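In the part that follows, the structures are each spelled out as structure tokens.
You will see chain A twice below: alongside chain B first, and alongside chain C after that.
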Partner chain A sequence: MIDFINFYFLPGLVLGSIYALGAMGVSLLFGILRFAHFAHGDLMSFGAYIALSMVSIFHVSPFFAIPASILGSSLLAILIDKVCYKPFRKSQTVVLVISSLGVSLMLRSFIQLTWGVSLEVYEIGVIKDAITFGGNFRISENHLVIIIGTFSLIYLTHIFLAKTKLGKAMRAMSDDQDLALITGINTERVIQATWIVGGSLAAVAGVFLGSDTQLNPRMGWDQLLPLFAAAILGGIGRPYGAIAGAMVIGMAEEISSFPFFGTEPLLSPAYKTGVAFFIMVIMLIVRPTGLFKGRSF
Partner chain B sequence: MKKKIHKLVVENIVSGYGDMDILKGVSINISQEEIVVIIGPNGAGKSTLMKSIFGLIPIKEGNIYFDEEEITNLDTQSIVKKGISYVPQVKNIFPNLTVQENLEMGAYLRKDNYLETMNDVFKLYPDLVEKRNQIAGQLSGGQQQMVAIGRALMIQPEFILLDEPTAGLSPKMYNDTFESIQKIKTLGVGVIMVEQNAKRALQISDRGCVLVSGENKLTASGQSLLMNENITNLFLGGNE
Partner chain C sequence: MDTLYGWMMYILSLLTVGGIYAIMGLGLNLQWGITGLFNIGVAGFFAVGGYASAIVTTKFSPNHLGGFDLPFIVGILFSMIFSGLMAAIIGKICLRLRGDYLAIATIGLAEILRLILKNEVWLTNGPRGIPGIPRPFEDLAQPWSEICYLLIILLILAIIFYGFEKAINSPWGRIMKAIRENEEAAASTGKNVENLRLETFVIGSIFMGLGGALLTHSMKYIGPTASDPLVTTFLLWVMLIVGGSGNNKGAIIGAFIIWTVWSASELLSGILSYEWINRLSYLRVFIIGFILQVILQNRPQGIIPEKN
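Showing the complex of A and B:
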């Protein structure tokens, strides 16, 4: 039981947290702009690499570099929107999807050109003591920061969406674009705000992912499948659903290799990524609108 | 009380989608504290007229003036800022926002305190008070219509455009809606409405405008339209 919590449940929660930050952005952006943003993973990578530069220049913990990552990724997101998505606002969705695929390739190449193609880590050879609680439960400092950080950000995003004028306008626009325009809501400003929120969450997810494993130019792209699986599971366009979906996917990926029967893992850890895909396919067959009735257009 | 009585003047506008003109020269005018009802058969261009005034469909010819200022083809946000609001026939609320949030969105462009206006809306529609924190999409059709009109009132408009506000309502809700529209008029707002139940609408209107195939056939006081045999035979199902 203790092994289950220490080696499967807590890592699942960590993975779910990272997915949640990314999937919330994907879901918010889908609600406002009505297209699947395929460059979201690479926005995560970009945030992670900004932090890498900060770490190597100022020798700080990657977590202290998060503000710089947030700034970098949000500004980049706004710029990308202006150049690559805004001209296609009135076009068919597929045009925007393809455009975002192109953006993702450009971002990845940019990262490869700037930071190189090899694996990088934030801190070399530092093995921190795990924090022990209740006798046998252990959690690494990194993981604790990731989990607490994620839940704080989820709370902040919730406050933003539920209490602020701009956040409410975002939900209103996600509900009905035409009515938002008729009401006098400045829709371009709402779109910009959505990129800032989505870009910031992606940046933090990238730094968390980098600190949990290592950095490589494909790191964000590789998260795309679980991110979309989480967003679809929660009902696309519903940021709160995406959080639940992300936790389910993260947990399922980790727990799938727990030796439920005998001593062999139920599923070889090599198949972890397949789990997200499997859940997504099942969900699309059984309940295509997601757990929390997503949007249909 | 407002000092100046504002006027909205629509002069000979031609508009439509693409190459097709739906309105072929329509004129109406309205002052604050007036109700103008637009009646006419299906496809006459009633909804198109509303959307054209509100800047949602490009106007090819003709002009619209708010007092002396021309507002033809102004962007929607600027038209809302001028003090004109619009309630579409369908999809006129934010279904996943609460009643109160819907009203707050109506005041989006206001920089001042809008709580008093919100209280006025709740006075107009007391049913909404206890539902204020409920998700608007879960309300009954009639209550959703109240939210829709309430949202449009939040900007404190000089003019409000209502597109078939009673469509699909129960008889009781239907009466309540007509009553509330009369109250809106006394608040100093000019109401332009499209209504399928022309008879009832003309009774509360100051003027009626008959639209046929994108042209004004007749504009006259509500009473005289009700007395006009041609009109009653054509659109009002005859005199019983």
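Showing the complex of A and C:
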């Protein structure tokens, strides 16, 4: 039981936290711009690599480099939107998806050209020491930072969406675009705000992911399926649903390799990504609006 | 003379691989250009076709399933059967999804397939891949062996092109376009839209599998490192969009143009420093992405637009 919590449940919570930060952005963007943003994972990678540069220049902990990552990824997101997505606002959504797939590959090759292709680690300031509770429960400080950081950001995002005018406009646009237009919402401004929120959350997710494992140019792309799975599970356009979806996916991925029967893992860890995908397909077929009644296109 | 010979071999390989992409492009054009099915799991079918043919045609090996040492023609038939079967199963589950969702589902399946092919060592020899795959006419002297293989590719391409042109201009082709333009209207004429969509999905995927097999025989090796699945999928999409989707000629011309651009960057490696040669393979993905943006924003109908 202790092993289950230390080695499967807590890592699942950490993974779920990272997914939650990415999936909230995917869900918001899907709701407002109406397309699956395939370059979202690469925004995560970009944030992670910005932090890597900060770490190597200033020798600070990657967590202190997060503001720089947020700035970098949000600016990049706004730039990409202007150049590669804005021309297609009136086109079929598939054009946007293709465009974002192209952006994803371009971003990855940009990272490969700038930072190289080898595996990198932050090392400095990422504390792997474990904190022990009540004798047996162990959690590394790094994981604690990730979980607390994620829940603080979720709270901040919640305040923004619930209390500010811009946040309310975002939710309104996600619920009903035509109605939002009639009330005189400046759609381009809302879209820009969505990119800032999505880009910032992705940047933090990237840094957390990098500090938990290591950095490579594919790191973001490899998270894309779980992110989509979480967003769909929670209901598209429902950022709170995405958080729940992310936790379910993160837990399911980690717990799927727990040796429930005998000593062998239930599912080889190599197939973790498959778990996210399996849940997503079932959900799409059984209940395409997700757990929390999102929209279905 | 040597340089001239080198150029000739280069152009032969350019046309061979370009032709293989054109065959897959026709398959994708049938799915996306004609019927509007958003399949970005191309690499999955490509890999199934490649591995099926590799396992069927190689000599027996203890490292992976088979090989069964059967002729090339049996290999490519099996590649088509397996990719078609897989498409039928996936299509049954996923084709009820529309647009973006179908895209996410197909790319997800392709990713899972990549994991299976990489991890199931008994089947595919895992990360080491399958070497020693026979190529027809490989016993002939250079360059005749390459020329003969190119002729096989071009012959297959011509047959498929002829068949597709017939099919698209038939009542079947017209109902497919009707589904793409307005599904409800097509359904209201009493057509079974679900079955028709499944049909094009399976037929298109069969040719993606065939393409995978033909490329595998051309390279004589298949493994998880042979090609990045995402890049294969992306290249094929860019080819179709650049050439003009909805148009078979466009699909073929796009394939040859983009493959030329893609592999021409290899020619640069002769004049670049060692450090940049390594970077070149990343730079060219960037270049293809850039071309896609330019075409999408300035000429979304492609080089040869669809005829109405």
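Note that in this section the second predicted complex is superposed on the first by the 292 of 297 C-alpha atoms of A that agree within 3 Å, B and C clash if a C-alpha of one lies under 4 Å from a C-alpha of the other, contacts with A are read in each partner's own complex, and residues count from 1 in each chain.
We take it that contacts are C-beta pairs under 8 Å (C-beta built on N, C-alpha and C of every residue); 3 or more make two chains touch, one makes a residue touch a chain.
As the structure is a prediction and not an experimental result, all values here were calculated from the model.
Contact with chain C, but none with chain B, is seen for A:Pro288 once the two complexes are overlaid on the shared chain. Applying the stated contact rule after C-alpha superposition, one finds that A:Leu71 touches neither chain B nor chain C.
Legend: residue contacts after superposition of the two complexes on their common chain; A:Pro87 is shown touching chain C, with no touch to chain B.
Set against each other, chain B and chain C touch different numbers of residues in chain A, with C touching more.
Residue contacts after overlaying the shared chain place A:Ser109 against chain C, while chain B stays out of touching range. Contacts of A:Asp175 after superposition: chain B is touched, whereas chain C is not reached. In the superposition on chain A, contact of A:Ile196 is made with neither chain B nor chain C. In the superposed model, A:Val60 lies in contact with neither chain B nor chain C. Shared interface residues of chain A, touching chain B in one complex and chain C in the other, do not exist. Chain A makes touch with chain C in their complex at residues 35-36, 83-84, 87-88, 91, 93-95, 97-99, 101-103, 105-106, 108-110, 112-113, 117, 221, 225, 228, 232, 268, 270-271, 273-274, 277, 280-281, 284-285, 288, 297. Against chain B, the residues of chain A that register as touching in their complex are 165, 168-169, 171-172, 174-176, 178-186. For chain B in complex with chain A, the residues that touch the partner chain are 54, 56, 76-77, 80-81, 85-86, 88, 91-97, 101, 104-106, 108-109, 151, 155.
Of all residues in chain C, only 38, 40, 93-94, 96-101, 103-105, 107-109, 111-112, 115, 118-119, 230-231, 234, 237-238, 241, 279, 282-283, 285-286, 288-290, 292-293, 296-297, 300 touch chain A in the complex they form.
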